[in-house]
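Next up is a structure, given as structure tokens.
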């Protein structure tokens, strides 16, 4: 199945891109996706245990199983305001 | 001795004036002045126990002895803001 | 410190400008406005009277106390008097600080203390009458 | 409800106008501004990035929650992104209510919740470097 992964702020800098489309196996969850991304973008390992998972604009647990067409982002600790 | 008494808001309406200059005996305190004022302006009796005493722009106890030249006002419960 | 009793429309933007500074990270601004109802009555307008010299002095004391009690940078306060229509602004308090908690707390302190101890009174005009609003009894 | 992510200067006066109403007695307005220092460092400027679609959604959720939790009348929020200079305004929150406590509390709730859960990040530019500011970890 195919998902879209968006990178923002520190994630974007370390990945060197703001967005990729990715083929991943069925039943991959957030943690599984992170492992795949760390293989493609080794720099992301620096952020291990830092980001929260957002799927389709909502925060969800890292154990959440992903679906085809999902829009995914890892959210570093926010600092707006 | 001579003092100046200012009337505001409900006090002004009941006294029918915004200011008077008054000769009062030496050693008159706030309570004593109020009695004198109630004789001159009987309507003020309606406000008995309502007002706080201000002398020269500061709140002071009603027992405060007044001095020649003082600027005095009785302050109804405030409602600004 | 900027503290003023005014009879014309308060310029909120101006008060905000007055509290800006490079060391400021937060500004809290409170506006008191004339509401169209009170105690179940339809209010038509409000009239604010004040003992101007004493109100000015009390406001300055409140602001001075804020500088002592809270880590604030600058404070600007204007209170309007006279006859105000529904929706008009009677008071604006702007407080700036490096960190946000102080701005919120000091701004709240100023308006609460105004309502307790500054000699300003309002009269409500409603359908069929008018009445002096009873507020707090100022503490000696 | 007015909620917007913007890239230009926020018009505070406009947001205040948006929350005015005849039934309103109090308006609290919070402005976040770019401070010239942080953690003992001299800050030169701040850059705000955001996940716009999600930030918009989260802001709307926060405002919706405010309408439930506090007796407020209207809320308007704008958050600016991009590169901001010292003194510039990054966020404005305006909340109106019949009585003042609700405005203060809801306004504070909005800014605290923005800082906890809205996907907006800032990078500090200081003499000799730049760094992504670490904020709260948003709770799932």
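Observations, loosely collected:
The chains carry the letters A, B, C and D, assigned in the order they are written, with residues numbered from 1 in each.
Please note the rule applied: contacts are C-beta pairs under 8 Å (C-beta built on N, C-alpha and C of every residue); 3 or more make two chains touch, one makes a residue touch a chain.
Here the structure is a predicted model, which is why all the values come from computation and not from measurement.
Minimum number of contact steps separating chain A from chain C: 2.
Shared contact partners of chain B and chain D, listed by label: C. In this assembly, the C-alpha centroid of chain B lies 26 Å from the C-alpha centroid of chain C. Centroids built from CA atoms put chain B at 73 Å from chain A.
Of all residues in chain A, none touches two or more other chains.
Contact of a single residue of chain C with at least two other chains is seen at positions 32, 111. Working note: touching chain pairs come out as A-D, B-C, C-D. Of all the residues in chain C, the ones that touch chain D in their complex are 12-13, 16, 20-37, 86-87, 96, 98, 100, 103-104, 107-108, 111. Only residues 32, 48-51, 53-55, 57, 79, 90-91, 111, 114-123, 132-140 of chain D touch chain A when the two sit together in their complex.
On the side of chain A, the complex with chain D involves touching residues 6, 8-10, 12-13, 50, 52-54, 57-61, 73, 75-81.
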